[in-house]
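Residue numbering begins at 1 within each chain, and the chains themselves are lettered A, B, C, D, E and F in the order written.
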């Protein structure tokens, strides 16, 4: 397969020509199709700025896919979803609810997180993580060191705190890419793993 | 110069061992010292996760340094500062106020942005940009396509809208890395270009 | 079938004995099982106060089921969902998303409303309704007569304005019954009409 | 007395014909005049939808008048007033301040609640109730089971918690009927029991 | 009459000795008793710092009593009340509602302002003034020159704008003296001019 | 030197004639030039209402300059700056950051307060004071007596609590004078004591 042009019409508020790929972004898009079967609209739009797209993709993979140790997949996706629900970002809520369904096999539980994580069944460690990223999303200027106490008390290590914060920060980035550009959600994740 | 260890003690809330570099992060830190004379504390902390650090650095450079065309440097740094002031992030406010002083040579004007961009003298185009990123920072869920009208009316192109949004989104990321980890600001930028 | 006792254990935060029905509430619960196959947890809890349950049920039916003319079913359920999403009420979001899926046959569209109605495809009339009930939910003290202009401009009649307001007001009631008592959602609606 | 038509002009923002009663609403209006000497404007407007009016009236009576046991009258009206003050609803503030003056005979104390219940003299039980309904009104999505601890500690029973929540929820309904329709307050309660 | 000591016990949260007057504050307190029949608790507490009390009293009189021309008394007291209602300050709401009753002779209208000025009958000029001081109270950082347009359009002069702002600013001062020190309201104004 | 006219053009949003002094305001302006070398724009504008200017000046001096005992200068200016940063008032932030630089000789520390006092190094006493005035500024209606506990615990006396509150209240006044009138900041303080 070879991707020379990526459609960018009607997938955001922007009036853009279709994107001509560079060798690096061509590979990125090909990998995306191979891995998940489609190109995410956010990445199609960012394709207009290859350097930004490549850095975003590297950051996303660094935080949610490729590293070992630290937070498990359920915790990583919980952070993604809690942040994205707070910011009410359609593409990210749909995408990460799907991943959390895939990991947990529990669509009902995930559906609860999509409304209000405070009412969902969470372990103390998960709850401490969720509360921290909620506060960091809503009011970063009020976060203080003592807010870390519940994380440390439930066994989150210093290294894992960096992960928690970096994942939450990343979704505050990607949510705003989507909300600021009016990126339409891809339908595939919404329908999967139910 | 060769950087094998990067100090991470007392530069954040975290109790971390000093960071051992990888070849890639070693180069990044060496470049940082060469370019700006010091290592930013945020990057020192992220050095614990080389893949995240490298992606963050690539994203930062992609948005604020390396690309051509589109927004000028003053506009890019204005976005950085407006977002960081709203999020009350010390390292980012100090760092990007310094860059804006360097670009404009007008410490007084920058000092006004540090308090309230609404009271500062801005061109209609700058004001439209500032208003958009302020709203995207405070309440991303309420941003709608009609909010883009003032940008388009003042000559911001579709390509430039992506830049505006991506830079604003990036600082909503980096502000939260700093605020979530309690990263101490480096003093150098505070003192420079006055 | 005859319902003499309704289970109220582990369906809310309250430590309650199971509810003994009165003839009227017995009939209500029997009808509920006949119509939807289960008893909603909110009604099971309210069964402790028969007069409140009967009035709540009458109000609910008056607003969403039984009347003729005025708003169509899609509009009624749109109001229910927009209000319940704002208040982040799990039982109501699940229940009324299901009804909206049933009416529209469009799970994807409903899934968009569940995140952010501002990004969903709505007719001008639907959008005017959604904006009004959003404001009435978030900040009732700021609603003024001029806020009705978009509704009137899109053909909402004076009679229908009463419906819009009454439905929105009712869900601000039922959301708070659920959130104030920690009522657990019934799982059935979550799974239906997908 | 026989009420065939209820005036609905100039008592709200709506341009409505006067309401023709049904036998049930005729009785309701006649009872209202007999009991309190006038028809509340909210009920006059809701008279356009007999089923809604009848259900609203039943709910209101179920919560504030007719039941025995549980919260006393002062507590019930305190909830009504705290919620209505927060929502800044003129008809409800005036109406329930009057009832609280009638019950307590202490216009000064009631006048304090009308400004800020936090500064008024309340028993620990009353204060716990007031704090709970304030939070449930302002931010229902943040209410959690541990917020019930002060109520339970001050002797509020599980049954009474349902009352507290139902009354608070009901006024979040009726406040929004008034605020969403621009219902004018009746003057009589404002002037009574001083 | 000679006032050498002013009672400060049980009129605020503070544990203070009674205040010994200076010749200047003695005169101030004597004038207060002569004019209104009592000493306002806020002034009794501030009597501990004679210079602050004298300046506060001079500022208060300069803004609400002594000047000629400009805003009329109803407008001045409207500002006082709108600001104090927003800040939910008991002594100021009671005091300035009384003055507005005295000026207008319309307790019902004043009672409406005490709940929500948006629902009260105001002239366009009064409404423009009320909206401006409401915004200046809630979110001073967002006030911009274009917010003055409705005032200017309704005939408020440049000189009068200073009055509007100074009165609103003053009550943001006095409200916080009361709220920060827990000053108890004097009962007299609550009961007067009804 | 004799000041008969004070320039008021282009120092605020107002279209004002230059101000003719009275003997009292002439002295005030002369003293200002003698003491600090310039006339503050806020005072130039208030010069239009001599009684208000004189009272404001007396209040300002009573709180920040002339009294003995109680809070030290650093604490007084810390309050001024914390409040003014929250209200995002340019003239007051610039002016009181300068005074705090003068007192502490530590521009870096002051620069931290200008972004977020929560991240700055404060003694427990200073932190208790800062938290109290932050809350009193943001949400005066929620301040309660128990919020005073940290102040009392760190040695703030009852007399000093009056100072804390009065200074915070005063800057909620002066911030709104500036923000409501669009007063331009004087540049001198911004540049001094660095």
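By definition in this document, a contact is a pair of C-beta atoms (placed from the backbone, for glycine too) under 8 Å apart; a residue touches a chain by one contact, two chains touch by 3 or more.
As the structure is a computational prediction, the values presented were derived from the model and not from experiment.
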List every chain that touches both chain C and chain F.
A, B, D, E
Via touching chains, chain A connects to chain D in a minimum step count of 1
Tell me which has more C-beta contacts between its two chains, C-E or A-B.
A-B
Does the chain D and chain E pair touch with the same residues on each side or with different residues, judged by whether over half of the numbers are shared?
same
So which of D-F, D-E or A-D matches B-F, with over half of the contact pairs the same residue numbers?
D-E
What is the chain whose Cα centroid lies farthest from the Cα centroid of chain F?
C
Outermost chain relative to chain B, judged by CA means, is D
Give, as an integer number of Å, the spacing between the C-alpha centres of chain E and chain B.
44
As a quick test, compute the distance in whole Å between the mean CA positions of chain E and chain F.
21
In whole angstrom, how far does the Cα centroid of chain B sit from the Cα centroid of chain D?
51
Touching two or more other chains in chain D are residues 88-89, 116, 141, 144, 182
Please categorise the chain-chain contact pattern as a line, ring, star, complete graph or other.
other
Who touches whom among the chains?
A-B, A-C, A-D, A-F, B-C, B-E, B-F, C-D, C-E, D-E, D-F, E-F
The answer for chain E against chain F in the complex is residues 13-16, 45-46, 48-49, 51-52, 54-56, 58-59, 61-63, 66-67, 87-89, 132, 136-137, 140-141, 143-145, 148, 158-159, 161-166, 168-170, 172-177, 179-182
Mind listing the chain D positions that touch chain E in their complex?
85, 88-90, 93-94, 107-108, 111-112, 114-116, 119, 182, 185, 187, 190-191, 194
Chain F partner contacts - residues on chain D that touch it in the complex
116, 118
Quick check: in the complex, which residue numbers of chain E touch chain B?
141-142, 144
